[in-house]
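Next come two complexes built around chain A: one with chain B, the other with chain C.
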Partner chain A sequence: MTAEPTTPVPKPARRFALLSNRAGAVFLTPAGLLVALFVIIPFFWVIFVSFTNRTLLGRTALNPEFVGLANYFALFDPSNFFQRGQFGFSLILTTQFVLASALIGQALLGLLLAWLIQTVPPWIKRLTETFVIAAWILPEVVIGFAWFAFLDRDQGTLNAMLTSVGLPRGDFLLQQPFWVIVVFNTWRGAAFSMMLFNSAFSSIPPSYFQAADVAGASSWQKFKDIALPLIRGHVVTDLILITMWTFNTFTPFLLTNGGPSYRTELLSIYNYRVAFRDFEFGKGAAVGVIIMLVNLAFALIYLTIGRKKRV
Partner chain B sequence: MASVEFRHVTKTFGSFNAVSDVSFAIGDGEFVCLLGPSGCGKTTSLRMIAGLETPSHGQVLIGGDDVTNLHPKDRQISMVFQDYALYPHMNLADNIAYPLKVRGEPVQKRHGRAREVADVLKIGHLMDRLPSQISGGQQQRTSLARALVYPSRVYLFDEPLSNLDAKLRLEARGFLNHLQRDMGMTAVYVTHDQAEAMALATRIAVMDQGRIVQYAPPIEIYRRPATTFVANFVGNPPMNLVPVEATHGDGQLQLKADGLTLSPLPMSSGIAAALANSKSLTLGIRPEHLAIAEPGTGNAISGTLFANENMGPESLVTIERPDASRLTARIFTDDHIALTDAVTLGFSPEHIHLFDSTGARIPADREQPL
Partner chain C sequence: MKLTFPAFAGRIAFSALAALLGAIFALPLIWFIFAPFNARAELGITVPDPWTLSNFMTVFQNNFAMQALWNSLIQSIGGVILVGAAATLAAYALSRSSIPGKGAVTYILLLFSSVVSGSAAMVPIFLIVSAMGLIDSHLAVILTFAGGLLPTAMFILRDFIDSIPKSYEESAMVAGASPVQAFFDVALPVIRPGIVVVVVWAFVNIWGSFLIPFILLRSDKLMPASVAIYSFYSEAGTPTVTLLAAYSLIYSLPVIILYLFVSWKFGFRFFGGIKA
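Take a look at the complex of A and B:
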């Protein structure tokens, strides 16, 4: 009754746009310049350098020569491919590291934890989520040194705990360096998978599980027949993401420095050593290009699966 | 099939009492509807029978066994959910056969059985479809098929028809009634639709604020509602309730209200007991027991015409009384009746209901209603 009579405003027939094309271009320019400077130019620069024998010092620092595919042939030299400290060793080590710490460690553990916290009382679930997020947002360096302090031979927390329950002490960083970085990376990343799977499980209507309960399904049957098929898309996304992250991770360097004697030298660490410790820029760039290609393959798989899902 | 029993069951969520000290028994082969407005505790009660909720106090029995703390999968029950809970990644055959799969039946056998049930429900030709590729009515029947595919002691229904449109709902209601006659299953059916409860139930439990207000066969609920709440909830449109002042003398009861002419009624012991507390009573009369009458004739109530809704074979005539309360009459549509502004609705005394000041029915000495 009290509303004033309103005359409908005729809508403009053109397509809706927040900004004019020119204003949009102005806003895009700073970001575009930064991306070009720090991403696109280095991208092509690395590809270019990988075909030269450029170094930091000596004659080739000023006048690098074009060497064609020599750097790549050196990396895949069959005579020392599998030796410690060589490219092949790092590649295989990284693959094992990804399988053990990302696929089995993070994804499987995350999935298990996410499934387990579905059935606990809500306050325990919220508490767990809070702690997991708190661990997840800590900076890499802080975590690296926390683990270093935890595993230290003389003053480490783990050895103190082992002693107090009467178990023998160990120098884990020296004796089991590979498993140390696997456990470290699992601990570091399981939170992400758990949160992702947790939200995926939460998006399934509770009545699906209740109907299965009434029908007589066990917890394992509910997981296998209902939960897992319904979050398959999330699982694929998670696997691709954590595979790429683990493949490129550099943090284990904080724990083991790539050692002892190259036993934990992942590809990223190997790349760092070749390029910035041995200062063989050409060879380092070649390693970088190969890592880039592997990442590109992962990205393509991800995009293909992502596109399939939408159909 | 088996009986179901609640013994002093209470369920609290925090400080909220969803179900308060409810006791009732459902006989073997009975179809009981839990009827009430949302939040009255009917769904919580059903979920306690299913084992999806655990009572805070009291016991739940199925077939005489105490199942209070038993997991749903160990109760041998079937349930149809409001949202059907069909698995979107399984086709109809796998959906219907899922309860047999978890029991370890081989795929050939369970698909055969699923097909049999689906054929009965007229969805046998859709077995390869996904739930998203069939209509709402077909989804409802699929979820029903999944509940019927394995032997159960009790069938539970949580508002299974509320997501269907009006025509499909009538069809599904008729089918459920037929199924119940055919199988003689023990069923508990939650609904807020009184017509559904009236049509399906052998007994209705009307619930309000966590308690059962009345538990009786549908016709009893309709003829002798225990409280004004039940009277107002059952019937379409619901019963008209008019506050009246009572006086009595010479073994006769006189009821007074604006626009009401009512010859003295015989006193009963129930009325005398009610009048000892308060002279204010509530008079109830169903819309179908009112008819257009000439002013000043017999027992009648009058007011001004508020609405006249023609529903085809019948019309709903609503009048407004001086205190702004309204009464609705359900009458056969008759073109010869010209409604003027002032309308008088007549009724016969045997159709009136009386409630005391607390809303409880005043027990009648005679069978029909007073």
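Take a look at the complex of A and C:
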């Protein structure tokens, strides 16, 4: 990129700034263009497309017509809103998924793990952390395949363990697909909560806990009465972030493809199917707009809290 | 300090629970320790007999698989260069110039970048890329990731640059350097650790991503490894387990190595705070 100014190098600004406004503008240009093109324009374009009947193929691909709110009426059509494979079903499924796998699964498991590794011997701490973090950093496709193998009906590790203790085999991806993706997402994302709570716990002065030890407090009392009140801010941050990530995740697609028969079709996967399998871009865009509205609500809460903390 | 018996028992219970949870987290991954080295690997866990590298040879001889790794590399490195360069320049400007509305820019960028996720914006991103005539090209993936990762990258780097005293560049300018010289010769070397963090973070994000290349690319010869692996195991028929096991391990290696590098060099806190 030839951002190097050909004009004479700007003189040092008179006001106390190291970079003149002109040089600053030049420095900002490449990033500004890329962000505008792939973040800001998509935000407005998706709203625009959601009011049209644009498709991937055919006549309306080139000359989409303005259809007003028709796409939204189609999404919120009360006659089939709750049917499998429809928007309402997907919306409710996603809500349940976020509640179960992020707010309950990841947050509680992360909190438990973070509390446990405060006191256990270092080698156990390191070993546990390693596997929890591995689940979080490995590429999602690898994780998807790992679980595909893990849950396999005939040879999978899980079924091998079940039969070895005398329990019946199960084809979990077919029988309990929703709970599979809940457990899967909890497993995949618990590391973030663990690390966040871990650093929150270690910011508490050890003397607080020593005083409690002298008074003979149990671990549960120390957790409930000392640690938890002190890390309340971190808990809120954690809950908002993992809610947003879980709400937007596409990873379960790699395990279940949204099936069987739409039973794991989260909003992100529904959006993909409507837009790129059924080729209805207008309707897909409307789903995108709704996802963005939910994101916006959470992001505003998060930024407001973050700002208050900084001031 | 002497431990009372209940406290001692409590410690043991805690350790046992932590170890148990660690083991549960390890279970789905143990397969990857054995299967890549087992020429007759199936979906179950079996200790290889004998241990062999023949699965890796199969991968190296599979043109599609190797091409896909190469494509991942092109897309990740291309994206990383763009993100690194553009974010450094922009973060420096946001930190060191007095352009009006700097604070608002950062706030709005953060807001937009968390609202416009891949799941929400797949339709408009596809339409913009096809309007630019870039569908099914490396550049499409590179530019999309650069745009998407830049806000966070700028935010991290701006924080980093803010923490560096201005006196470094000021003394250079007193000695007669122009602001641009002060940036390239004085500031840049000091910012380098921050850039390394951003670059590693961006690389891991692009390398591991699935959705964006999945919707923007069509031809086999451009597919990155993530999409290739998915097509290996999701398509009808039995997946070639031996190939997949070794291939997944090779594909994961850069991420593991970079992770170890970052945790050795910076402590792993930064991985915790950020994710696209």
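In this section, the second predicted complex is superposed on the first by the 282 of 311 C-alpha atoms of A that agree within 3 Å, B and C clash if a C-alpha of one lies under 4 Å from a C-alpha of the other, contacts with A are read in each partner's own complex, and residues count from 1 in each chain.
The definition used in the following text is that contacts are C-beta pairs under 8 Å (C-beta built on N, C-alpha and C of every residue); 3 or more make two chains touch, one makes a residue touch a chain.
The model shown is predicted, which means the values in this text are computed figures rather than measured ones.
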item: Chain C versus chain B, contacts on chain A by residue; value: C
item: Contacts of A:221 with chain B and chain C, given as first, second, both or neither; value: first
item: Partner chain in contact with A:157 - chain B first, chain C second, else both or neither; value: second
item: Which of chain B and chain C A:303 touches, first, second, both or neither; value: second
item: Chain B versus chain C as contact partner of A:147, first or second or both or neither; value: second
item: Touched partner set for A:120, first chain B, second chain C, both or neither; value: second
item: Touched partner set for A:40, first chain B, second chain C, both or neither; value: second
item: Which superposed partner A:103 touches (first chain B, second chain C, both, neither); value: neither
item: Chain C-contacting residues of chain A that also contact chain B; value: 218
item: Chain A-facing residues of chain C, complex; value: 10-11, 14-15, 17-19, 21-23, 25-32, 35, 42-45, 82, 85-87, 89-90, 92-94, 96-99, 107, 109-128, 143-144, 146-148, 150-151, 154, 166, 169-170, 173, 178-183, 204, 207-211, 215, 225-227, 229-230, 233-234, 241, 244, 248, 251-252, 255-256, 259, 268-269, 271-272, 275
item: Chain A-touching residues of chain B, taken from the complex the two chains share; value: 50-52, 71-73, 75, 77-79, 81-83, 85, 87-89, 98-99, 101-103, 146, 150, 156
item: Residues of chain A touching chain B in the complex; value: 205, 207-208, 210-218, 221, 225-226, 229-230
item: In the complex with chain C, residue positions of chain A that touch it; value: 1, 3, 5, 9-10, 12-13, 15-21, 23-25, 27-28, 30-32, 34-35, 37-43, 45-46, 49, 54, 109, 112-113, 116-117, 119-121, 124-125, 127-135, 137-150, 152, 154-158, 160, 187, 190-192, 195-196, 199, 218-219, 244-245, 248-251, 254, 257, 267-268, 271-272, 275-276, 281, 284-285, 288-289, 291-292, 295-296, 298-300, 302-303
